[in-house]
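For reference, the structure discussed in these notes is given below.
We call the chains A, B, C and D, going by the order they appear; numbering starts again at 1 in every chain.
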């Protein structure tokens, strides 16, 4: 199988995650739903550490939710306990109330898996989509631009 | 939003799952990685109850694994604690060593989410794909035929 | 090691749980936090199926919570993928707002683990303990009496 | 309720953990089984970062397991999304093949919960307890001594 090389754009938000015992299944590799939980944590950290938003406040304080409307993921190379994997978050698309994110898991320059996730901002009270607040949208758009190669 | 109606084919493998407190997040809806864990359980039950294979034996005894190579999922209607959702498993495609499965979550004739998942049978020893054993393939193909409408 | 025999009292609430692939760790046995999640599910089922209370309504409708204040657990025999374990719920003690529960996991007459858990009923609004409603307390007390041997 | 103050011994292994959205339940507080998963991660980090052992190698390489034989936990103050809690690991007792650990979760000098956990070292092949290797035991004992106040 041809392997996919991946080098994250210089300014991309990347975090290292140690694969734990608890992530792994009896076959010794990461049980796949854990990846999605790890991705959700990465998105939280990106809001806080890259965009400067307090994720807990957005949800508990402002009563916004960010449910996923679409997810797809290609699993290419399994990860095992003790692996220290890198996760890079890229923005695919900023819509009116939706946000398309790519998360690439990589190690030693090889892609291990790649997910594309679309989330929609919604009010937890009306349960309807709400437009992304302009300040937030601007920050996300700026992030997208500075992490788009070429 | 136009809602998607869903009526499972008569012979399709369908199981009811109660949405538990532990499935739900602070917004009161199912935290999405739990769906994938629920799907994995449905697939195990399908192997055992529909195809007549002991899933634990396949993995621990015969040292086969069924890692996912691709997953996609559309989330349409959120589910809340106490909802009793229906999950129907359909077979999209039977490959040489791979299997394409669709799982539809539905309630009251409406699709709540739909996942497409591709799994590959592999040897846990060589970590390489292995062809589906003929007897297993035959059972899966027969299931596919009897659950394909039209 | 001397093994502990266990026969549940005749009227005790017992449910069978299949140990799934996803419950197990790289050592092939149940990863212990999953037991606590399984116990929480058992308690939900007990409220609904034995006491006749809708657990989701109690929490989402009446804004009560049942946080644990104390848990202890002895792990005696590990369980593996495919094991169909039995879980029996017993009531140790009914307090003013607290409830002491024992959960015994057993198979073939042998105790595999035993947990004691104390939960307190509280208002999600005031975040203070509230007395168990008399009707609920009565049902729990009746359950305790009919499942106490001797 | 009288609150328990806690100041960790100077040399104690302490890590900060951000309470995530995914840790929390519909009541907005940490769903308790997640604490045990977090504790397990803390113990892994302690082996690696404090004792200098590669936890993955111990388990996957040397085929040792560290199953818990006893756990108890008092939950005192709930934690919510966004809280940055501190977790301190203390050693209660070093036995022949068993290890008694205390984990204290604290914030702003107040104990939020305290767990006592007993783990036993065992061979994954024979499934029998094995004595702690002398070098490991020595390091644990030294840690215990330098973190025991008084």
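Side notes on the structure shown:
The definition used in the following text is that a residue touches a chain if its C-beta (ideal position, glycine included) is under 8 Å from a C-beta of that chain, and two chains touch if they have at least 3 such contacts.
It should be emphasised that the depicted structure is a prediction, and the values quoted were computed from it without experimental measurement.
Looking at B-C and C-D side by side, the one with more C-beta contacts is C-D. Set against the Cα centre of chain C, the chain with the most distant centre is A.
Mean C-alpha positions place chain A and chain C at a centre distance of 36 Å.
Here the CA centre of chain B is 29 Å from the CA centre of chain C.
Put simply, the C-alpha centre of chain C and that of chain D have 24 angstrom between them.
Of all residues in chain A, those touching 2 or more other chains are 21-22, 26, 28, 33, 37, 40, 59-60, 81, listed in ascending order. Put simply, chain B touches chain C in their complex at residues 20-22, 28, 37, 40-41, 44, 54-57, 59-60, 80-82.
Remark: chain C residues 21-22, 24-26, 28, 31, 33, 81 touch chain A in the complex. Taken in their complex, chain C has these residues touching chain D: 26-29, 32-34, 36-37, 40, 59-60, 65, 67-76, 78, 124.
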